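Several structures are given next for inspection.
You will see two complexes here that share chain A, one where it goes with chain B and one where it goes with chain C.
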Partner chain A sequence: MGESWVVWGGGALGVGIRLLLVALGSASLLDHRVEVVSPVTSLSRLAEGHWLKEYGMSPYAGSAYHGSPLLLSLIGPLIGDRQGIYVGDLLRSCSLFVVADLVSALLLRSIGKLLERTQSQHLLQLGVTDPFRAKSDKKDVLGAGNISFLVYLLNPFTVAVCVGGSTSSIENMFIILSLYGAATEKVPLAGFGWAMATHLSMYPVFLFIPIAYLLANGPDSPPSKLFDLSESAAPAAENDSCNEKDEKQAQKVKKASGSKRAVILKLVFWAAISWGCILRLCKHALLERSSLVNMWQKTHKYMLTVDDLTPNLGLFWYFFTEVFDFFRIFFLMVFHANIAFMVPPLTIRLHHRPIFLAFILTTICSMVKSYPTVGDAALYMGLMALCVQELSDLQYFYLLLNGYILISVLGPVMYNLWIFRGTGNANFYFAINLVYATLQTVLIVESVSTVVRYDRNLLKQVKLRNRTKNS
Partner chain B sequence: MADWGGWLFGFVLLCVLLGVVDGESSLRSEDFVESLVVRPLPDGKVLGHFEFVNELGGGREGAHGRHHKLFPKAIFQIVQKFRIQEMELSFTQGRWDHRLWGGLEGLESADVKPGGVELWAQFRPSNEDVDMLWRNLTHALSGLFCASINFLEDPAMVSKWGGARQNGDMGAVRHGALPREAVCTENLTPWLKLLPCRDRAGLSTLLERPRIHNSNYYSLRVHVKAGNGIDRPKGSLRLSQTLTVVLKSSDTSAAVRGGSVRNENRRPNWSLSSLFGQSLAGSCPLASSSHVYLELEANLVEELKRAENQMLSGSEDAHEDALNAPAEDLVANSNAIFDLNLAPKGVSKRVSGSASGSSLFLNYDVQKWSGDHPLDVGMTWRAFLAWSPSQGPFRATQFLTGRGNGRGAIVSLVNANRDGCNGMRLCPVSESDDGSPAIDVTTFQIVPWYVRLYMHTLKVVVDGERVLLKKGVRLKLSPAEDRKSPAVLEIGVTIPRNTSMLFVSVEFDKGYLRIDEHPPDANRGFDIPSALFTFASAAAGGNSVSKLGLDSSLRRVQICSDNLLVLLATPDFSMPYNVITFTMTALALYFGSLLNSLRLRSVTEVRSQQPASRISTKLQKLLARFRGREKVKTQ
Partner chain C sequence: MEELTEVPEVDRSSEDARGHGNGNIRKEEEGKGDESSRREPPGRKRLFITFSVVLCFLLGVPFWWKSTEVYRAPLPFSAIEEHARYLNSSAFALPCHLHIIFASAPSHTRGGFVTGSSLEKVAESFRQHAGDVDFGVRVTLDAEDSCVSVGREDGGEYWRCGLAKSGLHDVVDLHDDDRLDEFLWSFSKDQNSSTGGRYTVVVIGREGSDVGSQSGMHQNAHVNGRTVVGKHRHAWMTGVDLSHPGFEDGIASRIADVAMTYFKNGGRASKTGRDEEDQVASMPLSADGEAVLSFSLLNANPEDWIFDWDIEEVEERYLQPLIEVMEPVARLSIESQVLYYTPKAVSSHWDEALKAHLVPFKQLPFFVNSNEWHLDTSSAATGRSKLLNFAIYVPAANECPLHMQLSSGRISPTNGFTSPGWGGVIVHNLPGCENLLPNKSENYRLTSKELEPLVGVIVSQIRALFGLPPTFVKNSKAGIYGVPAAVTGIADWEVDVLLRRRATMDINASASTLLSLSRLVSSLPNMVIKDEIGEQVQSSLAQAKAAQSQSLVGAYHAAAEAARKARSQAEAAFFQPSIMSMLYFPAEHQLAIYTPFFVPVLLHVLVALLKEGSRYKKEWQKYKRWHMRQAT
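Right after this comes the complex of A and B.
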């Protein structure tokens, strides 16, 4: 009773804060903040694209708009020319993003619930007590789902992005939707979500791996080796129904490996179908004024080549402002390779925890992304809350929390010093970016090692149990 | 036999060559005319407007050598090679003060130009790549005039249409401006070299460099127009070189008789020698005509009549008579206000954009003067006379709003010029008698890509009332592409005559440039080329115009706003290495420590492994597997 009160009260508070901020007109304060909007997600640019379309030109004419034509058709009419001053106009233009946030939070909650259930199942199977649950009284603890729900809705970053005129909320919603689809084994939904997220912001392309693992192996579980260990111990204890069980197990494994392949093929199929539909719809939305190739050049290629050097939270803008033209392409490759090269090792090590893998990949993308905003941070924080059980003894949590607060305070201050006062220069703001990147590095590295440690801990416990059983 | 063949061939070749040369030598007609208009300005300065027109008649087009007596070969070659239909190049230094000096409408082929270099070219339709032609043209002109016009080869600075100036769809147009270009003598010298007499004889001897460059405003122009076969024969060329300069007289003995006049209202006397440092010793012998005109503006003539009238009679009765008396008489003889040191050869009246008054042009024929007997037109003021400058119907200004280097807005403001506008044809206050109820105002502007305009924020307000885009705003737009092309926009509104204010604003975000895209003095800011405001009668019938005998170009009034200066946020120019090392350190930290944490293995795992090194065991395993498979295969 208390739990649901906290959860739904928190949810209502999150939505209420958003609506209140919108009604107070804080969008005009936030919609040019470089931390909140990037050239790719900016609603001002979307309004410009909408205007160009209405005016009879291609929305990609000029370098204003870099988003999807679908968003243009969806949001364009809602926001109009963004010059409304009445509360009704403001609420209408923001309603979609509030809904998107709410949907994302609810999806996160159900993913979390599912994770909790499988988690306890696995632990039961292994016969190990959960270190997290063991510590505290079970009744007082909100599950991963509820925590994630609250973290996503009440995170100031999410609120800022939702209120401040950015399309990140919608991108995040599709990413979470695909994870939800994969977790609940709804293959078409997962494929559609992934295709949509990739179409909107390109970087979720790496999330195909966790989604595939999620579909094939189910949600996060301890390494399969542990199950082998615990099972090899179990027959030793009870010898009777050994053969029967073994046969069943073998059948299961066979079936599983066959169905795994089928599921992944199905995912590929649905993703391809969704991509086809998206492209067809884009073509329709572009009204023959622009080609799909042009669309690609203005969206994904624009993200890859980093043409817009407007300051943001990432490392790209200042680096590519300063770097010598001759090395530009080389460093573009280096920067993007930083994401791509890390995917195989992470997959090898963490494939049994796809949701956690998704969290790590999102965080890495948010760090080494051409136009990051706090919207990306909002997403990975929501995903991080899903893994709250594994990350319960995360080191430096206090440091990280303070780091994020520091960034959110000093970032705007330094920007103000540079852009408005003229007393600081670009280095001031870039220093904050470096701190932010380092902070995210610490978060990534610590999370990974925490999870590795958690698995090791489980292994120890299983071994200990085996030993006590054998003796 | 072979020898004879050679001779024969040579002879035939010679004949052919002679024939060609002979055919070509039936030269086209060439004509050179020079003139200077001197106009005293209301604030005591003097405007000098030199015009040198070089005409090349249409003739048979030969494929081989051409010979010109007067027409500069450099320009001819440029026109031929780059297929120019029409081209205008201007170098301007200083700022034309519309409020003090009025407009330039009275003068032929004179517009007020914004500072810096402006190049506008229309190419003849051909299958050649226009961008390539433009590129080569900019380089050729840059060599010819010793200016950095070649920077205009960058398509990010060039508009592909010329706005209101574009005449029909005859060929492609390119239009670019370099607002920052400093204009100097090195541009004037090649300009003078294009004249048949250079600066050795004729009016161009007056152009003494230091004086010209010390002037308040100075604009050098080259305008080339090829005959298109409609109004002028095909193959003909007209090169018009103009130099407009606003000078201050060096004659400090300026005296105003009558003690009641305050000191600052003194009007310095002037003469050609006090303005230009020397008097005129004859015309250019190659010129078919050479004239100096002294222009008295319509407003000045009106005031003169009034003053004369008051001085003569002091009564109200004679007022009408005096006003009706021919102004020529007033001027030709010395009057109570000023003396002319030379009597003009003739006086002509010219209606200059004004319906009620007409300006007077006093004509002096330079060919009658020589070195022994130089021409030195001058004016000595006897009494102070104030007159308002002949201004167009509207004043147009442009400015930037916004704070900081994040974003801002470009605001164009058009105000009605009620005070200075007495009876002008496009005057906003007068009840229109020619049946055209409204005025078309068009602004044309090229905005560099790093000023990212948000066209959805376009606001057009006429007298406090917002005009919606779909109703009544004519908009032509080519949006900016980053580093590829500028935004070019033309906003047209039809406003009623009694409008007092038109307000157009567009918001923008400031872009961020790479370190090597910044000019050496980046903190000075970046110039946006000025906007061109065109005012025209909405009814394009032009009956009233022909009735008044106006040139058709006078139906339009064009005003250039000043160049705008945008400050952009600059990076730290000394930081490339630091930024590269810092960023790469951050990335290395991420990459290294993440890999390290992934590599971690639990202690128990390590212990459970055999003491042999991991690689060797792996290799052994691999080999074993390989062998196993081999066995399977062979079996």
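Right after this comes the complex of A and C.
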């Protein structure tokens, strides 16, 4: 009972905070913060694009709008007067984002519940005690789903992004939707979510790998060799307690490779279908005022070539204001390739934990994407909470938490010093960006090593059990 | 899975495991047998991870190669060197031609004083006196009944005989230089003899030879007549006694003097090469032969009076002809502005004797107040064109008759001065201003009539800035006079002088610019050279060659235009923006660009590759050993 109180109370609190902040008109405060909106996600730019479209011009005329034409049709009419004084107007303009956040949180909760369930099944199957649950009484602990739900809704970053006029909430919702579809083996949903997320913000393209693994191998599980080891020991053990269930589970885990391929082909098919539909819809939404090629140039190419060097949370702007033009293309490639470089080794190492892999890849993207905002941090923090069981042993958690608080406070201060007071310079602000990037690096490294350690620990326990059985 | 067991077992997290049975783990390790053997082949996961990272880097290499490729358009280095060497050995110069015409009265030819042989003698003597190889000379006797020419033929017949018949002597008798100048101009114009670099000296014989023979007291007595340099490309000598035997040498020396001093060097007395070069270097033009004449009316204290001026009319009436005649030399354009509150930077002192405020000669260099005279107008400040400022300074009422003192102590008659390469300053005193009360702020308008004397000074300042003598030819001691070019301000032959100087300067400048460019390019091997630069260099060289070949046939304007293009292309190539940014990019910067990211990353990747490779080999050997032992 206490659990549901905490969860639903927390959820209501999250939604309430959002509505209250919107009604108080904080949107106009956060609207132009570089931490909250990027040129790609800005709602004021979207309003400009919407106006241009209504005026009979291409929404991409000039250099205002860099988002999807679908968002233009979806959100454009809702925006209205964002600077207005009527609470009704303000709530209406923000309602969609609150709903998107709520949906994301609920989807995260479902994924989490599923993860919890499979997790306990796996552990049972391996005959290992859960180190996470073993530590404390089971009743008191919220599950990964509930934690993730609360983390996503109550995270100040998510709140700021939702309230502050950014379309990140919707992008995040589609990413989570695709993961949810993959986790619950709804292939069309996964394909659609992935296609939408890719269309809106390009970087989720790397999430295809975790989604495919999720569909093929099921949700996060210990390495498959553990099960082999466990099974080889099982006949010797001859325990009749939960044998039947175990075997069923094992069969499920070890799907035939043929069906795996079929599932992935299905995913590719649905993703392609979704992409086709999205492009068709975009063409329709653009009303002959702009071409799809132009759309691509103004959205994904704009992200790739980093045309806007306005300071933001990322590392690109500072570097590309300094670099020689001669090296610009090369370093653009190097910066973007940083993400691609990490994908193969991480996939090899973590393919048995697709949700965790998705979390790591999202964090890496957030670190080296061209126009990052705290919305990306909101997403990976939500995904991180899904792996709370594996990450319960995370080191430097205290340091990381304080680091995030530090940058949330000092970032705006340094920006203010540089841009408005004129007493600082670009290095002041960029130093904070470097701290932020370092924090994320530490988070990635520590998370990966914690999970590897967790797996190793499981292995040790299985071996130990085998030996005790054998002896 | 095995590789997991390879990792040193220092698990902080495995409290359970440790708690349950440290001994068991140890037992397991013992049970595994000795450490140098293993039962299964080693796992390859670590190797795959390492190789996937290395592979990513390898995939990046072609992109790196392609995107940072240094494109260098081929430059004709040897041609540039050769061109510069050629110019060093033989200076580029546009050739001059002189045509000496004896338009004698009928009586002289009949007497036989001027004959074919004396023409030869004059030509020979002229060559000796002028001592300059590129002054082609031709001598013609244009008498009523005969017309004989000797000397170098230059591009076709351009002198129609019959000057004597067409009433020359009637004009001479009027003793009006202007009329005579116009007569000669109209006579030669319709015969196309007036292109650049072709000069004519008409020697007009005198009626009756008695005066000359009587006053034979010194060597040159028989040529004591008047020499007048016209405003086109003529000079003429009147009152020359042609009856004296051996007159040829005197005439030739006189003509050579005129030709060298005026036609060739623009009236500068000094003919040394160095001085000439200095003047050439100081011609106030931009790289592509343009200059902006910026006229500013500076009102030192508008509380005393406010001035406006009819500069448009002045421009149209007085300056436009000058601009037109200067067209081959320089493209001039005009701007004007009125500035207020522009005090001069030096103080004057009151001189009771002269009843004027004086600025001493030594103070003149500090007259221009660069802090408060904002003369640079926006359109001229951008772009590369040269700005020549002409400041008309109206002093405040309390120092109104403001005059400039010459070094001799007298008052400057022009009340202005020039500063080479910058422009000129003229002080304009309102007539009767010493009686005006200050702080009345009355409005005045300078009409073009009032401005006329100032314009005269400005024109002479422009002449001085371009390296011509400020006033027209007048040398009464030697009996040489000039016809002032009243309308244009610059005579045709003076334009020729400037044109020659500019063409020489342009050709030399283009050669030296190209030479510097080729040195720069070869000194910076990682500099990108765009095709555009290559094209500009090629076209500059081609234009320079064209200028040389045109100059040989005497096509003045074509040669000068080609020279101008050669220089402007060379400058454009040298100041290409893509080069400019790379000038400050030495090779060491490459290191600074690559090291911060790639050295740490690649170092780790390579170390990991080595470590994993050797580890895998070792583990494989362990397995092999165990396998062998099993087999035996």
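Simple rule for what comes next: the second predicted complex is superposed on the first by the 450 of 471 C-alpha atoms of A that agree within 3 Å, B and C clash if a C-alpha of one lies under 4 Å from a C-alpha of the other, contacts with A are read in each partner's own complex, and residues count from 1 in each chain.
FYI, contacts are C-beta pairs under 8 Å (C-beta built on N, C-alpha and C of every residue); 3 or more make two chains touch, one makes a residue touch a chain.
Just so we're clear, the structure is a prediction, and the values are computed from it rather than from any experiment.
Within the superposed three-chain model, A:I419 lies in touch with chain B and out of touch with chain C [touch as defined at top].
By the touch criterion stated above, A:Y454 is placed in contact with chain C alone, chain B being left untouched.
By the touch criterion stated above, A:R18 is placed in contact with neither chain B nor chain C. With both structures placed on the common chain, the touch criterion links A:K369 to neither chain B nor chain C. In the superposed model, A:H66 lies in contact with neither chain B nor chain C. Residue contacts after overlaying the shared chain place A:H300 against neither chain B nor chain C. Of the two partner chains placed by superposition, A:R109 touches none, neither chain B nor chain C. When the two structures are aligned on the shared chain, A:K53 is found in touch with neither chain B nor chain C. Contact with neither chain B nor chain C is seen for A:H336 once the two complexes are overlaid on the shared chain. Taking chain A as the reference chain, the count of touched residues is higher for B when chain B and chain C are set side by side.
323-325, 334, 341, 345, 349, 456, 459-460, 463 are the residues of chain A that lie in the contact sets of both chain B and chain C, per the superposition on chain A.
Across the complex, chain A meets chain B through its residues 32, 44, 47-48, 50-52, 55, 57, 61-64, 81-83, 307-311, 315, 317-325, 334-335, 338, 341-342, 345-346, 349, 364, 367-368, 418-420, 422, 425-427, 430, 434, 437-438, 440-441, 444-445, 448-449, 452, 456, 459-460, 463.
Against chain A, in their complex, chain B makes its touches with residues 403-407, 449, 452, 454-457, 469, 475, 477-483, 487, 509, 511-516, 569-572, 575-576, 579-580, 582-583, 586-587, 589-591, 593-598, 600, 602, 604. Residues of chain A that touch chain C in their complex: 129, 131, 134, 223, 225-226, 229, 323-327, 329-330, 333-334, 337, 340-341, 344-345, 348-349, 393, 453-457, 459-461, 463-464, 467-468. Those residues of chain C whose C-beta lies close enough to touch chain A in the complex are 1, 4, 7, 11, 13-14, 16-17, 20-21, 24-25, 28, 45, 48-50, 52-53, 55-57, 60, 63-64, 67-68, 528, 581-582, 585, 593, 597.
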